[in-house]
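Each of the two complexes below includes chain A, the first together with chain B, the second together with chain C.
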Partner chain A sequence: MATPAPTAATFRPGLIARAIAVFSGTVGYIIKLVLLALANALVAWAIYVLIDHQRWPALAIVVAATALIDWIYLVPHSWALPLKFLIPGTIFLVGFQVIPILFTITIAFSNYSTGHILTKDQAISTIKVNSLEPPPNGRQFDMAPARDSSGKLVLILHDEGSGKVYVGTEKGLTRLPKSAVTLDANGVPTSAKGYTLIHGAELFQLDQQLEAYRVPTIGDAALEPQGTQIAVELKPTLRYVPKRDVFVRISDGKVFRDNGLGSFVSGEGQSAEELEPGWKTYTGFRNFRRIINDPLVRGPFFSIFAWTFVFAAACVFFSFSAGLFLAIALDKRGMRFQRTYRSILVIPYAIPAFLSLLVWAGLFNDDFGVVNRVFHLNVPWLFGGQVFSWLPFISWPRITVVLVSVWLTTPYFFLVSLGALQSIPDELTEAAKVDGGGAFQIFRRVTLPLLLVAVAPLMIASFAFNFNNFNNVYLLTGGGPYTGTSSLAGNTDILISYTYKLAIASGKGSDYGLASAVAIIIFFIVAGISGFSFWRTKSLESLS
Partner chain B sequence: MTEVEAEITPQSAIVVPAVAVASKAPKSKPKLKDTWWRHLVAILAICIALFPVVYIVSSAFNADNNLSDAQVFPTNPTLNNFSELLHNNVIANTGAQQDVPYPRWFLNSMLIAGLTALATTMLGALAAYAFSRFRFKGRRMGMMALLLIQMFPQFVAVAAIYLIVYNLGGIFPAIGLDKLAAVVIVYLGGAMGVQAWLMKGFFDTIPAELDESARVDGATAAQIFWGVVLPLAAPVLAVVALISFVFTLNEFVIASALLQSTNHLTLPVGMYHLISDQYDKTWGPFTAGALLAALPVSILFMFLQRWIVSGLTAGSVKG
Partner chain C sequence: MLNHKRMWALLGAAMAVAAVLASTAVASHKAGPTIVIWTDANRAPAITKVANTWASTNGATIQVVQKNFGDIETQLGTVAASDAPDIVLAAHDWTGQLAANGLVVPLYPSNAVKSQFPSYTLNAFSYGTAVKKLYGIPVQVENIGLLVNTKLTKVPTSFAQVEATALAFKKKNHLAYGLCVQQGSGGDAYHMYPFFSGLGGYVFGTNSAGNLDPSNIGVANKNFLKNASLIDKWNKEGLINSKVGYSECDTDFTKSKTPYWITGPWADSDIEKAGITFKVVQLPRIVYPSVPFLGVNGVMVTKFAATHGVDAAAKDLVLNYFSTPSAQTQLAAAGGRAPANLKAKASDPILAQFGAAGKGGVPMPNIPQMASVWTDLGAAWVRSTKGSGAMPAARSFRGAAKSIADKIG
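Let's turn to the complex of A and B:
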């Protein structure tokens, strides 16, 4: 049963080795060429697509990288050899680890969020289109969609006011002689010379196309179909002045200026009016300043910040204590059932954690949960408030999250502690006993220090892991419960689940900028912990 | 191609805390009256450890969907929950039918985790071999850079990854949002992480003389890698693949950010949506699904448990 940790056995060419040997040499070279050719074919297709989308910088990068890689794999230079082994992993590392990190940094210094996704030019034209409204006493037209001689969609229009008839295209409005068009009793065109009117089923299929169809008239005004028989003239309510880079509201002359934060704004403070949408722009340290200054962000952030540390520390401390206690209890030579106990106690570690978490969320459920029923309790495990009135920091949901995390992690520390305990030579504890040490004293002065040498680095690693243990929080409580209505931050949210909600799952729009700023803060903390760990274990020096 | 002279370095032992048990022979069987408290602790701990497991199993066979009716011994044991789940015929207590394509989720998860584990092991092994066997300019720098980059957990950049995949999908729809392939290639960004360090440590313990003799016989670096080092490293490759598999299977953040349509979800995301906020309605099918998903992984895990723990330990020490 005592399987040794994996070590290299002496070399015996087994079946696999012989099978692999068959594919070496010329065959291996051919395999390499085939793989390289496949990769190049994939790139060729990518190049075609990139040209189609006119993504020139991306195209240049792809072509250059591919040429470089081909060259490295085909030249027999000694310096290229390590690269041949490193390139496959590095491509993915750069694409989906390094670039996301760099991208996170750039986003953190921008206002990238719902409502600030377009470029400024796109935002300006969107605002122009959005400002189109039917003016009072505007022109209304009877309309019949038709196709011209080349099959393109046009609108045959009859101005109800002046009685003139036109053909409208996406380029503009052209007058038609009255004799060329016949109208029915309601004024709707029924035929037009040179055009084929569209009827019935075909008309219904054009529904979406019609909805987006615009016939520009004078200035920024346009005709918009409303249904299939009527079109109305829309006029802009805002005018863009390119020279001054402002929007002017036509009705009251109010001026909307670029506020430097990606929006056209008029007025200040409470009475400020903002035009939708805004655009994406760089806003410097604004997101970080919001974390420090903006009371709406600062409050929840620092509460989450503190809880994240407490959560990670509590998980490690209690799991380690429980694991060590179990290990001490079971570390008795010749004890019966020792091995059976050990295998059963590892089960929580073997079940995929996401399943255990979801099941625990059910068992702890306040209303229907098994825990409350079996133990005849009435504890609001998942949705409750603070436990002690004098200590708002500790709430039932926070206790539950730690309890379940400890349940999940204890087996790991149990196994590790058991191994470490059994590697401590008996002579040491025997000697302490001879010197007259009590059992507890021996444990404190001899066993524990020796144990910590082996386990401390693992505790640091476990802390770093739990610091970002998204699943343990999100799958149990979803980060909740929520006290305020305006904030995204729940009582059990840790930094990473808060980031996730800011970016993806809020239902109140996404704030990629703030999410990325929080991500950078997480990065510095985790890097600090890892750096401390490296310094402690000096494992960087063992980079050989 | 025998250009690179691999220096023969002193074998740096892989950092594996001794988890070898039962190597010490018992001097004498301890009496029960001295060890009874140890048994008591163990039995109590087992009760806590198995508490949710018991309820998964019993609820899976219970005829009622209600969490509030969950019992240790179901009164009317039935396979209904399983058949509802496998035929996408989950009906909540309210009578509403829910779209729960469990087999699809299972398949998606196995595909994503399987492909990721396979590719991660391969890419990691290639990099580990280069760092273990070649002495080249920038090697130390490269390893330091890798360590530094890996400090940033990939899923922390979830906002950036979401936007990258969103934009990528605008050009290459096959690797855009809601595509399994996109999730796999994003996961592969971590392939040169902890696992590569674990393998490098192991490769370091394989005597360089073996490479040397193969090279004398005219083998190229690629032949030595595929023919000598990889077969010898088979156990560590298996462990790395399994760790990567379990880790990927549990991943929630990126999968839930990138995948959207019900049919494309992975098990964690799908089962979260199945059960969250309706514990009183779909508890039966949910536990059946949990049982089906947990069994294969748990058995495999228990089987390779010793190696996995030593692997995780070594990984966390090294990186």
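Let's turn to the complex of A and C:
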């Protein structure tokens, strides 16, 4: 912060200036080259990986971006100078902000959820495999892949039921005399007269061939190898008709059509039958319409929204007040152990919130927690109901959640306020004193407004952070307690934790599409509130 | 300063070195069939050892990747095909979710293999809306039981005896509960299941084909509601208390303050360290047999195995090798659980007692709709066993049933 003013006659540049001077010569140039070469080496490796995985668009982007970066840093044109500073930031912005946001938006318009994660082609082939069923009296065989005299792949088979042995080809089953085949203890053929059994590594080279190998038996049933030692007689129960893009159930002719939402479905309403798995597809505004129309989402939305707003606002207000109070108290000049006090106050900020939240959950436990035991209290911190009968909005768990959040955020506002206080020139407060202002009046009229100019944007950011403070709520109370009979929305659930429960832990597994749609709506709410606040704080700036 | 030509040469050299390194990496990656297995850290050494025994006789390579156990389920849906595993270690209750996503393939073990497993373990890994398919080979089983400190009291034979003894210790040692069973603010339907089943509750009924039916929710069925007033009685006398967590039970049981603890084999080491002599039994019958949930861990073959060209190898390893008694003994010992294979032996007598305590137990439902149940069922217990101000159990569980039905839709 403080720039040492060169007062002496002999000019001595500062440490940073000297460092820059050292690095701006050949040393700096070599460092730059080494860094660029390392980056290029990394890219060269990435190119191999991308080629290996056949990711062509990604490959083109990587190559183009690398060429651009090399060119900008190596070509000594003056107009390229600003780009040298902009490019690294832009790359991180695109990588860590723009791409995740675009990804979230695309998911919000899709049906990405449990049962809808494959592509349609994958889903069709999986449905085909899952539709295979052993026919009545279906047989199961111990199997050994082998080559016949002409070197063609055949299967030596031992029926587990009847004990008969066969050779299976793509034409069908042929009985072999029992004496021609030897079996091991598990019934797996170990040798067969006239055939060479395939073993070890060679066997695994045949993986794709084995997987596709079919020995037709009766009707459309066929023997299919399962692994390298078992073959099972299976029969399809569904037939896919590519021309009409439908599945037909063979037993009763029922038709399963593509319902446009990523599933093959037959019938409607309660009696609808759906084939699993479905596939991922774009479903337009369906997720957003569900948010509006679904009573599960709409019902508790406004009460949760109100609580979320109060929670975030209370966290910011109390932690700012506490932080400012501590900052003013410790701003006194000539105080002993000032640094020690300040370091101690910053500790909550330095401990990972994950840990401290779990510790607080234990401390506040109604029956076993330290808080109640030490103070001989009987406060239902985590499980309780309303505090005042006339104000059901305020409950003990809600107070607990705010308290812990304030404990976590106060050090932040303490640090910020301390910095801002020191930047307020003493002349101003002294002038106010000369004008006859009292201590409180000076604080209220001079210090606070000037402080707010610096701190208000940070308060808005803190509000936005607390609005989505999932950890705090989820680790302390899990959103509970559930006061009503419904366990959907708990007393301390904020929008983001409620979304999590709705989208990740309800219905039929996880619904990432719905979750993304809600996330986008929450983004607009937070952006709206923050935008409005920033607009309002502009009036503060006119002070300075 | 360097001139431009030398500079470009330097860059070129660096890239060439990287290229050589990369190509060797890619080349080594392509040699021979490699089977990638995802497992948790606990069982990774045993899985590696067992799988390598198989691989060495078959000329294959095994690559074991350690994951957080829970991450295996979630990451299998999002992983890129090139990094995806061919075999995963899985909990049986993921079966529905993974199969509905089309991520795992049906398995057909030989009858000789199937006969080595209790039928409930194979059922636990079977899923299908119309026809059930087997998606995993069971490896180890676990369940909770009633741990009894035999120095403090004798093994109870009736629930009334449990209740009386528990309440006596509660009074004597000024405890906040009689019978230690963990819940916490989020609830714990798993640990409360023996009480739930003992009062006549069930989660999902079965349809005519014998499959779990998500529209038949038994959280507030008639038989259960008839007995629900017992929960209110337990709450009033303080037999169970929803504020109790694992750590309170661990502390009080290892300090001999409470004679009973409902928990699983994961608590073994703490108790043995504290030198407590204990026995594990099934919680005595309340109104119906108080059976616990059963959990089965097993191995599954993913759809990626076929993409990687190791489908036959992976199926072979799972069907014919992980299923064998010797492999199962090794795997189970590593996880500190009882092996699923009937011919494999659990060396630990405590594990054998846990096995007996799970008799008649119900495998946790493996259909994806179960995701809607855990929170609600847990919350219903929390609401009605939180001491003063608790909600009457009948109302609480009726609410949970409605909430679950709403979520499943």
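By definition in this document, the second predicted complex is superposed on the first by the 281 of 544 C-alpha atoms of A that agree within 3 Å, B and C clash if a C-alpha of one lies under 4 Å from a C-alpha of the other, contacts with A are read in each partner's own complex, and residues count from 1 in each chain.
As a working rule, a residue touches a chain if its C-beta (ideal position, glycine included) is under 8 Å from a C-beta of that chain, and two chains touch if they have at least 3 such contacts.
Bear in mind the structure is a predicted one, so any value in this text is a computation, not a measurement.
Novice: Taking the superposition as given, does A:Gly478 touch the first partner, chain B, the second, chain C, both, or neither?
Specialist: Both chain B and chain C are touched by A:Gly478.
Novice: Looking at chain A, does chain C or chain B touch more of its residues?
Specialist: In the superposed model, B touches more residues of chain A.
Novice: Given the touch rule stated above, what does A:Gly323 touch, chain B (first), chain C (second), both, or neither?
Specialist: Neither partner.
Novice: Could you look at A:Gly262 and tell me whether it touches chain B, chain C, both or neither (first, second, both, neither)?
Specialist: neither
Novice: Using the superposition on chain A described above, determine whether A:Gly168 touches chain B (first), chain C (second), both, or neither.
Specialist: Touch partners of A:Gly168: none, neither chain B nor chain C.
Novice: Considering only touches as defined above, state whether A:Pro300 meets chain B (first), chain C (second), both or neither.
Specialist: neither
Novice: With the two complexes superposed on chain A, say which partner A:Pro236 touches: chain B (first), chain C (second), both, or neither.
Specialist: Touch partners of A:Pro236: none, neither chain B nor chain C.
Novice: Check the residue A:Pro189 against both partner chains and state whether it touches chain B (first), chain C (second), both, or neither.
Specialist: neither
Novice: If you stack the two complexes on chain A, which partner ends up touching A:Val49: first (chain B), second (chain C), both, or neither?
Specialist: both
Novice: Could you tell me which stretches of chain A are touched by chain B in one complex and by chain C in the other?
Specialist: 49, 53, 361-362, 365, 367-368, 478, 505, 510.
Novice: Sort out for me which residues of chain A touch chain C in the complex.
Specialist: Residue positions touching the partner: 26, 29-30, 33, 36-38, 40-45, 47-49, 52-53, 70, 74, 114-115, 117-118, 122-123, 126, 129-130, 132-133, 140, 142, 160, 186-187, 200-201, 203-208, 210-211, 225-230, 232, 237, 273-274, 276-277, 296, 361-362, 365-368, 380, 382-385, 477-478, 480-482, 484-488, 490, 501, 505-510.
Novice: Going by the contact rule set out above, which residues of chain C touch chain A in the complex?
Specialist: Checking each residue of chain C against chain A gives 1-2, 4, 7, 10-11, 13-15, 17-19, 21-23, 25-26, 29, 32-33, 57-60, 77-78, 80, 82, 97, 99-103, 105-112, 128-131, 133, 176, 185-187, 241-245, 247-248, 303, 306, 309-316, 318-320, 368-369, 371-372, 374-376, 379-380, 382-383, 386-387, 389, 391, 395-396, 398-400, 402-403, 406-409.
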